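Dropping the structures in below, format is structure tokens.
In the two complexes that follow, chain A is the common piece, with chain B as its partner first and chain C second.
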Partner chain A sequence: MRWVGRRLPRYEDPVLLRGDGRYVADLARGARIMRFVRSPVARGRILGIKAPPGTQLITAADLGDVKPMCPRLLRPDYVPIAQPILAGERVTHVGEPIAVVIADTAAAAEDLAEQVEVEIEAETPVVDFDQALAPGAPLVHGAAANNTVIDASIETGDIAPAFASAQQIVEFTFESRRQSAMPLEARGAVAAFDPATGRVTLTASTQSPHIMRTGIADLLGMPESDLRVIAPDVGGGFGQKTALIPEYVVAVWAARQFGCTVAWIEDRLENLTASAHSRDQRLTLRGAFDSAGKLLAVDADSLCNIGAYSIYPITCGVEPLMAMTELPGPYALGAYRVRGRAVTTNTCPMAPYRGVSRPVITTAIERLMDCAAERLGLDPLEIRRRNLIAAFPHTSPTGLVHDGGTYREAMEMAATLVDVAGFRARQQAARAEGRYLGIGFSVFSERTGYGTPVFSARKMEITPGFERVELAMDPSGFVEARIGASPHGQGLKTTLAQLLADELGVTPDTIRVIAGDTDRTPYGWGTFASRAAVIAGGACKLAAVKLRERLNEVAAQTLEAAVADIEINDGRAAVRGTDLGIAVPQLARAAYHESHRFPAIVETGLSAVATYDPAGTFSNACHVAIVEVDTATGQIAIERFVIVEDAGVLLNPTIVEGQIHGGVAQGIANALYEEVVYDEGGNILTGSLADYLVPTMAEIPDLEIHHLETITDASITGVKGVGEGGAIGAPAAILNAVSDALSPFGIGIFEMPITPQRILQLLREHRGPPQ
Partner chain B sequence: MTDKMDISFTVNGETRSIRVEPRRTLADALREDCGLTGTHLGCEHGVCGACTVLLDGKPVRSCLMFAVQTEGAQLRTVEGLAEGGKLHPLQQAFWDNHGLQCGFCTPGFLMLAAGILENNPDIGEAELREALSSNLCRCTGYQNILKSVLAAAAEMRKWPRSADR
Partner chain C sequence: MKPATFRYFAPRTLDEALDLLAEHGEEGKVLAGGQSLVPAMNFRLARPQSLIDINRIGALDYAREEDGTLCIGALARHAAFEAPVAGGALAALLPRVARHIAHLPIRVRGTFAGSLAHADPASEWCLVAATLDVELVIASRRGTRTLRPGEYFVTALTTALEADELLTEIRLPLLDQGWRTGFVEFSRRAGDYALAMSAAFLRIEDGRVVEARIGVGGATDRPQRIAAAEQMVIGSDGNTEIRREAGNIAAAAIDPLEDMQASAAFRRDLVRTMVERALAQAFAE
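Moving on, here comes the complex of A and B:
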């Protein structure tokens, strides 16, 4: 029986459905509670901290020689920024932790924290690009001239002749406002000191337990082996929980210092104001097209507001460097020039968020295509046909190698599904009634499953990438797969069990995937960047092949047959072409308890270790949105949303579709609703979910998903990865659709989120009713 | 505000007597004083609905109520949905239809939906979508949650209408 490809219900679910899941806050009972005192101002000098007598207060001075976080990129243009664990002399953004109080209960800790007085001499902050880059602007960090911490350029091909010969040059500035990943479970930590061993166990809501351990141990100057990091059930992460944060460092420090168990459970205000943001980008784009609509060259200037610090371990390069490398997307072009800058401001730092940069650059490049099509009198589909890459492997202007994909096929299929001609007729009829419908396409690639070959090119001091698995069958015949990846809602334990079941010839219910515990799993990088199914899955396959060889050895000897004649299916080993066979658990029992009979596996027993570290692959998709814009209210309703996705082999199509559903919902949120708003003083005006507008079921339409399947050699399982595509592609489809709807007014959309207020503003700016 | 008060209520059919500060929220009382950590806190300001429980059969945000307001009330939480080994039709439908990913919002959605369907299993899709938009989910995009609740509704319509649930 084959398990891969089946819509198997998830093994993760029953516990969660019964309310028996264990998230970090559920594990904090009995702990002393930490409450952080945070900066109420964006920029200033700390003059003093006063607490009521008897308060258990921790300040920067108490932390002594605890090192600041200072992740590095080994690039000459990178300015390292040290982030103190607790601010001692200066504060650099609202919400920055200054001190910690510890009390017996959360309520008592909150009461105490409110009584801590921090005197700060406030200074004028820099909040946005214009302030940060203005001549003579105050510097957020003395070392970062012009408030710029990365200033990089790429130029390939001959830009000047391409623009000189262009029939059409399309130029605009596209802006994505700041957003928050907003996992429904905020972050949190329980740090428990064990006096018997001297070890600390940190249970934290993280996507990357191993790198948390490395980071914290380095900063505290302790051996990694004295720290165990557990990621329990994690209530979503979306990138935000890849980052090491000061709060975790303080928790481990306090547990060691006071020999106790401490907990910090982040509240929503902290999560929205002081965790990590994303997507704050301004992209100035120029595209040169010939008369046939062929894209000759792109010239781009990308600014990323990375906030006050560079996030550990991935650094603030994550957004600008991704923007530069991947801007051309799935289009062939002759010449490409880009300048990318990371700009530091007195705002909350940036962490990766599902899609990282690509929701912004994909929207920009897809807007470029639609704008050029309009200028040249071409259909939006036709201009894409003339520019999409179609021969594989394709090497991009920045050296990315696209393995096989279905860029054009996905678009054509999506176009057929939505019946473009029929829509255009409907659109015309609606306009005659004063209703404004629009259709928008988004064709894009999702770079997935990349290991150190790609990350090393980014010149990170800490280069993530490989995943390792330790596979062992125990004497009962059950299999443990201990992985370094750390799922937090993706259903990876189910999908890997399906994959391993096929590779081992057993049933998935005999497989336990162990993750999220540094004591139980091999070093790995965690779950992010659409990598876990590809890389941890690839490692599982490699390990399973070895383990199966060992089972074959035991079976062959037990059944007195040749190894080549053994086949194992559905938990039974048999001699091919005979009715001789034995159940796998009996083989397992024999391998352990009669090991003297099996010299061939004496070294390994029934276990295997494997590592996979691929260069990565590309999933691709086409999203189509049909929207209606209400020109009286500025409201946008999504009438239909179609996705044609090629993610290679689907381990479990239901889980893949769930990833797309969630990604698209976040993409729609990015396009239409969510925005972190700062005032000029650097205060966040969107500190609650009443202000930061996460869409509900009323806003997200049912999605229509269709699959294509390109089998690639770039992934040893054929799995391409699908975690981020929904979020990457959806904003472009929405913005193109809104622009199409409003084309009678001469309105194009070049910012997101495109809120009703902005729609109305644009309508006011463009004179008169449609002709 | 910190003088404690004695209160009693029934949770999942079991009478509980606890002593809490008047300012203690119902959510904290359930989680901390009753040990029922299936009720989750996503925002503590009444928007996300992860903390939804049933109070005398109606869905409420347990983060927006004080425990002392529930003296004598009948409360149900996610831990009380299944009957022994048998999942509630909503739990089964969420499992069958991939109605959850990280699972953090799930208890709130289950209790919200239980409150809706146990009062009106004939609710139409549009009305159901509107009612379920009370709660936030960050993983699923909602489609499979709606599908799950519709599937559970079909199952629950088979229940005897007079049943006191």
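Moving on, here comes the complex of A and C:
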């Protein structure tokens, strides 16, 4: 029986669906409650803090020699910024933590926090690019001139001649408005001090427990072995929970200081205003095309508003550097020039959010293709045919190696599925009736499963990448797989069990994946960057191969056969071509209790360790959206959404489709609904779910998902990552579809989200006010 | 997001509730469905020192026809209107309106009367009440009085209710079979607050409009009838041109709200289309 590729129902689900999941809020009972007093102003000098007598209050002064967070990129153009755990002298964004009160209940803590008076001499903040980059603008941080924390450039090939010879130059500025990752479970932590051992156990809603442990121990100057970090059930993260945050540092400090258990459970207002934001970007793009629609050169300028601080550990470089490196996308490109800047403002810090910069750059490049097609009189599919990478491996202008993929095939399959010609006829007929339908394509590749080779190239002081897996079979034949990656909803306990079952010849229900506890698992980096199935999966495979050899040794010895003749299937070892066999549990028992019979495996017994650290692999997909724009109200309805994706071997197709559904929903949100809005004073206007518009199931259409499969050498399991693809590709399909619908009016969309109000404004500009 | 401390009262009779309102009405609030009040309390935007929970006063939970009117008690839930509670044209109208109100869980608890007491500009029932020119029955220990929407709705979230008063009943005129109704709403997502909505009630004889009530809500501080649009459609056959002109008149007549969700110009555009489409719906009925 083979398990990889089967739609096995998730092992995680029964507990979660019964409501027996244990999220950090479930584990906070009995703890003393911390509530943060946060800055009400975006910028200013703290003059004093006063609390009612008897309040258990922590301020920066109490934290003493706790170090500030200061992640680094070891590049000359990076300006390191120190982020204090609690603001002591200055505040740099609304929501910045200034003090903490501790009380017995959440309501009491909130009452107390309200009574803490913080006197701040407010100053005029800088909130957006134009303010931050204006000559003479106030500096958010003294060390960062022009409020610029990174200023990097890449140039390859001959830009000037390419533009000089171009038949068509398409130029526009694309605005991506600030997003919030909106995990359904907000952040939170419980820190418990154990007087018997002097250790603290921090149970935290995090994607990266080991990095939390190392980081917090560093900042507090405590031995790392005195800290245990556990990620319990985590209700989504999408990148927001990869960050080490001041709140978790304070929790551990307070537990040690007061010798007790403290909890901080974030509410939605805090999460929307003070957690982390993403994708506040402006991309100016110029593309040079020849008369046949071949893209000759791209010249781009990427601005990323990274807020007040640089996120730990990945740094604020992640958005601009990824934008620069991956902008060419799935297209072959000769000459490429790009400048990328991280701009600091008095707003909430940026953390990477599912897809990071790729939703923005993919949408921009896909809009470029459609605009060029229109100018040159080409079909949007045809211009892509002429530019998509067709031969693999392919090295991009920025040195990325694209391993095998189906960039063109996915597009052609999607086009056939939606019957483009049939749609065009319907579109024509609808226009005659005053109805505006549109179709939009998005073709993209997704870089996944990359380890230290990629992160080290960014010169990160803390270089993530490898994953290690420790396997052990116990005397009953049950396998424990301890992985360093820490799941936050991916279903790793199911998919890795399927993979291990195939490699070991057992059934997945005899495998338990242990994750998310720094006391029980090898050091790892967490779940982000679409890496876990590839890298943790690859490490599982390598370890399983070794464990399989050891099982074969025991079986060969027991069945008096050659190791090469042993086969293990469905939990039974047999000698090929005979009826001789023995159940794996019996082998396991013998290995432990008759170990003298198996000198070949005496060193390790039935255990194995392996590490995997690949350079990465590209998955790809094509999204197609069919929309209708109501030109009287600006409302956009999605009639149909088709995805053709290629992520190589799918461990569990249902889980993959779940990832795609979630990603596409967030992509639709990005394109049409979600936007964090600041006013000029740096106050957030979208502090609740009434104002930050998260689409519901009523807004997300049924998704049609089709799979292609390219087997690559770049991943030893043949698995490619797929977690972010939905979010990366969907906005482009929507924006191209809306632009196609409104093309009779000469309107193209170069911003997201695109809202009904904005649509009506564009219509008024292009055709005048309604009669 | 926990509320500030409050005293909690759960009266079992209307008299008890009115006594409590007399004593605590200045600093307190009535709790019925709580679908607006409780979130406001959790955000600490509302900090009543006393909460007077009327949910145990069963006698207030009714919606029944009486002498040519539909009488709706203080505790009738939105969900009660998803099936017809009255005959005539209201039988189709009220369920259509109810389905636009937020989401099912909110409709199960929230009340018709609570919606009118709260007077959110985006309230569907407030628009229906204003367009039908209902009677609002208001009680206190000092006695009972009735108001019409024109005097009752003061501005956004503000009514003529005094601190010691409870809105106990709303009386809707029954519309006979000669009436046609339309109700449309624009919101960003299903169940969101309306950015603009229109209710159009037309009495039609021999294909011509003889009586018209056209109301607009969501776009202004309180719901209002557009008399000029009503005048214009009377005597017409409600064709496309008439409907468009009615929309234009309504868009020009209002003083639209302006906020982060929608500009004044956008609301005008929406009102134009909502009136047009409400009329189209009424004519198609």
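A few comments on the model shown:
Everything that follows uses one rule, which is that the second predicted complex is superposed on the first by the 767 of 771 C-alpha atoms of A that agree within 3 Å, B and C clash if a C-alpha of one lies under 4 Å from a C-alpha of the other, contacts with A are read in each partner's own complex, and residues count from 1 in each chain.
Following the convention adopted for this analysis, contacts are C-beta pairs under 8 Å (C-beta built on N, C-alpha and C of every residue); 3 or more make two chains touch, one makes a residue touch a chain.
In this text the structure is predicted, and so the values were computed from the model without any measurement.
Of the two partner chains, chain B is the only one touched by A:His488; chain C is not. Chain A is touched at more residues by one of its partners, and among chain B and chain C that partner is B. Using the contact criterion defined above for the overlaid structures, shared-chain residue A:Gln757 touches chain C, although it does not reach chain B. Of the two partner chains, both chain B and chain C are touched by A:Ala698.
Looking at the shared chain after the overlay, A:Met182 reaches chain B, while chain C stays out of its contact range.
Once chain A of one complex is fitted onto chain A of the other, the partner contacts of A:Glu96 are absent, as it touches neither chain B nor chain C. By the touch criterion defined above, A:Ala632 lies against chain C but remains apart from chain B after alignment on the C-alpha atoms of chain A. Judged by the touch definition given at the top, the superposed model places A:Asp267 against both chain B and chain C. Of the two partner chains, chain B and chain C are each touched by A:Ala107.
Once chain A of one complex is fitted onto chain A of the other, the partner contacts of A:Ala690 extend to both chain B and chain C.
Where the contact sets of chain A with chain B and with chain C meet, they give residues 106-107, 267-268, 688, 690, 696, 698-699. Residues of chain B that touch chain A in their complex: 21, 23-24, 28, 31-32, 35-45, 47-48, 50, 77-79, 81-82, 87, 91, 94-96, 98, 100-107, 110, 129-130, 132-146.
In the complex of the two chains, the chain C residues touching chain A come out as 1-5, 43-44, 186, 188-193, 244, 260-263, 265-266, 269-270, 272-273, 276. Contact residues on chain A toward chain C in their complex (touch as defined above): 106-107, 110-111, 114, 267-269, 632-635, 673, 677, 685-686, 688, 690-691, 693, 695-696, 698-699, 755-757, 760-761, 770-771. Those residues of chain A that touch chain B in the shared complex are 9-10, 12-14, 16-23, 25-26, 29, 106-107, 182-186, 233-236, 238, 267-268, 488-491, 654-655, 657-658, 661-666, 688-690, 694, 696-700, 702-703, 726.
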